[in-house]
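Contents: one structure, followed by commentary.
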Amino acid sequence: MRLEALRAEVCEANLEVVRRGLVLYTFGNASGIARAEGLVVIKPSGVPYDTLRPEHLVITDFEGKIVEGNLKPSSDLPTHLALYKAFPAIGGVVHTHSRYATAWAQAGREIPCLGTTHADYFHGPVPVTDAMQPDEIASGYEWNTGQVILRRFKGVDPMAKPGVLVAGHAPFCWGRTPAEAAHNAVVLEEIACLAYHALTINPEAGAISDALRDKHFQRKHGPKAYYGQK
Amino acid sequence: MRLEALRAEVCEANLEVVRRGLVLYTFGNASGIARAEGLVVIKPSGVPYDTLRPEHLVITDFEGKIVEGNLKPSSDLPTHLALYKAFPAIGGVVHTHSRYATAWAQAGREIPCLGTTHADYFHGPVPVTDAMQPDEIASGYEWNTGQVILRRFKGVDPMAKPGVLVAGHAPFCWGRTPAEAAHNAVVLEEIACLAYHALTINPEAGAISDALRDKHFQRKHGPKAYYGQK
Amino acid sequence: MRLEALRAEVCEANLEVVRRGLVLYTFGNASGIARAEGLVVIKPSGVPYDTLRPEHLVITDFEGKIVEGNLKPSSDLPTHLALYKAFPAIGGVVHTHSRYATAWAQAGREIPCLGTTHADYFHGPVPVTDAMQPDEIASGYEWNTGQVILRRFKGVDPMAKPGVLVAGHAPFCWGRTPAEAAHNAVVLEEIACLAYHALTINPEAGAISDALRDKHFQRKHGPKAYYGQK
Amino acid sequence: MRLEALRAEVCEANLEVVRRGLVLYTFGNASGIARAEGLVVIKPSGVPYDTLRPEHLVITDFEGKIVEGNLKPSSDLPTHLALYKAFPAIGGVVHTHSRYATAWAQAGREIPCLGTTHADYFHGPVPVTDAMQPDEIASGYEWNTGQVILRRFKGVDPMAKPGVLVAGHAPFCWGRTPAEAAHNAVVLEEIACLAYHALTINPEAGAISDALRDKHFQRKHGPKAYYGQK
């Protein structure tokens, strides 16, 4: 029963990033995890979104073995699994090639925290990984994509930075649920767009003060959060 | 009765900025004031726009105390109140994180008056505030956001510059009515976009002449305005 | 009878530039001329496009005197009249504040002929006027906007360059009919966009060769044109 | 029978690039080839897309002689024919003036392989041709446009680089079918957009490693491709 709800939520997260213009053709995938059941629900590989329905999703165990579904899972599944294993608080992962976030990933630059829109979601810069090494690419590439992310997150709280730019590739985002992961992917694209334009206007633009960054992040996420309805 | 009309107008101002593409998710809020009644009508905090209806709006007094409504008001309410108190001619306030205007705010740069589209609405550059100080952020942050705007408007006629960029944050706009405030927010975004592109083409581009600026502003706003129908 | 057809065509030209995303609110206007009848049909000033219908258009004589219609004509009417008087081959004029073309106008730069898309419509750079002088602005401003265009077109064939950037303002385009003028306004926006991005990629990008420019312009416009159906 | 299917597929390829926003007015054309029958199906010249139906398409032989259809074929037909003759593996050609790809063509710059989105489709940079010479332009211009492409592809596998930028003009793309050619045209526009933004963020951004480029290209195209469903 819970799995049926997760199926629907993962399908909706996949469609949300399409609806928001983050996805061209089949570039992207969303997943969700049922930790108690030991299962992950993910988009099938290379399937068009127009006709995607909850029953098309693939269910695997934590090693990526297919438990249910007639289609192959997204080729990025091992990256999702690596994140789920390392970040126990997350319940959903979303990967897109959204335009501005991908441009920053291709530029190999972290996104500096230039404004409160950014600080509402990311506590400090959006990190970028190192480039992957030939041996990491040659074998277990998608799993190693997860590892290069985790190396970058050593000592970083993934709930205070719900996304990352994989250098030369594109962003991965996460959240407590698939819906939150999708929401964070949409917001990351917006943040990336704002920073792009701000730095074009003023290449010397600096990060907002720590005080302003903390204020905004905690207004939305801290124990004393007061944004939105309770 | 008048309050019901204001409710509808504030709801419509909120929806107008969404319709025009200035708002992602719940980033933004519009309000209106009934000065005689001592009341302000504002969007509830963090509520999706898709289902926003006039009855969801929150009504407060001039100190922000809720008079009517089951939802919490926008967390930016104190900024709106500060503007209403200081600018007696305004009847509506609109806050968005629209892309180009926010990029200028994040860049910490005022928008120079490079063309007649700008001069039709803003008499001279669109001002940017100073960065807020740690103590202004630590307590009464949203009220102090209003104060940093008002410091910037010392000696400036708010009806000749119906908006401002809060540094590292985003724009606030106003007008004689909520509809006019929303209209000004949409136009500010357009002005910010035009200036962004003009300065990329020619970083040395200068402001239009005072004569051309005055002509256009007064063609629309002066006592001898002749644009539009009477 | 002919006037009724012209009314419909001018209304459609106004709506076409809206449909193509060149117009925000009421920023822009299209007109058409019935030379034999001595009449001009133009959009009323400051009227929303959503509800614009042929019967709302204003008909004036060549001096701008209203012959038919209850609304005030566009305040830019004298600019249109100046163009009609000087360019006998044109039958329609369209003025917009479209984003890229206006950015070039604000930058005060002519648009170089960087590609065949440009050469298909404009034989050489899109010209930009001089800035207007204080006395030209102080009185007869809109008529003088026409004059500053005409000074720039001294010795230039208006049918080989169907548009201009008024410095610090925005483009005016024309064509043999209102529909063609609107088409040229849409294409000018596209050309302006392409040149903006090409020069950002390569600031040293130069104009295409005279041979390629002539080939494309004449493929569409010369006596031996062979593009499209006959 | 097969020809009827090809007609429908070519019509759909033409509409796909319109739907994806790559085409303004009539700027662009798609074709397909029936090699066994010795026939090519192509869009008619200058005909609006709104009303385009399979029966409007023009069928010619490999020399461009019309075999069926009442309309003139696209003026770019000889370029398509040159590509079909030289690249025996392709079944469709698509030409557009899409914004970012055309900007790169106007800039006269090849698009470096900055990320995996690019490497999924193009094995290495997207090439740009030399400028065409006056005599190539003066006579047989469209056929010579094909020749300047083919000179650039000497020693290059067209299936590993399914598109090209014609300097000062715009892209041509191809694929095993008209649908694949259209898909590649859409992806090229996206790649061009990503590279534009990445290089604006970081003008020193370099190509991804050969290992990463090969991995992604082969994940989708090599004999061991594992992306998508079988």
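Quick notes on this structure:
Chains here go by letter, A, B, C and D, matching the order in which they are written, and residues are numbered from 1 within each.
Here is the rule we use: contacts are C-beta pairs under 8 Å (C-beta built on N, C-alpha and C of every residue); 3 or more make two chains touch, one makes a residue touch a chain.
Please read all numbers here as calculations on a predicted model, not as lab measurements.
On superposing C-alpha atoms, the copy subunit A sits rotated by 90° relative to subunit B, to the nearest 5. Between subunit A and subunit D, the centres computed from C-alpha atoms are 33 Å apart. Subunit A and subunit C have Cα centroids separated by 46 Å. Within subunit D, contacts with two or more other chains are made by residues 196, 199-200. Taken together, the touching pairs link the chains into one ring where each has two partners.
Per the contact rule defined earlier, chains pair up in contact as A-B, A-D, B-C, C-D.
If you check the complex, the residues on subunit C that touch subunit D are 114-117, 183, 186-187, 190, 193-202, 205, 208-209, 211-212, 215, 219, 226-230. Contact residues of subunit D toward subunit C in the complex are 24-27, 44-47, 71-72, 75, 97, 99-100, 102-109, 131-132, 134, 137-138, 141, 168-170, 196, 199-200.
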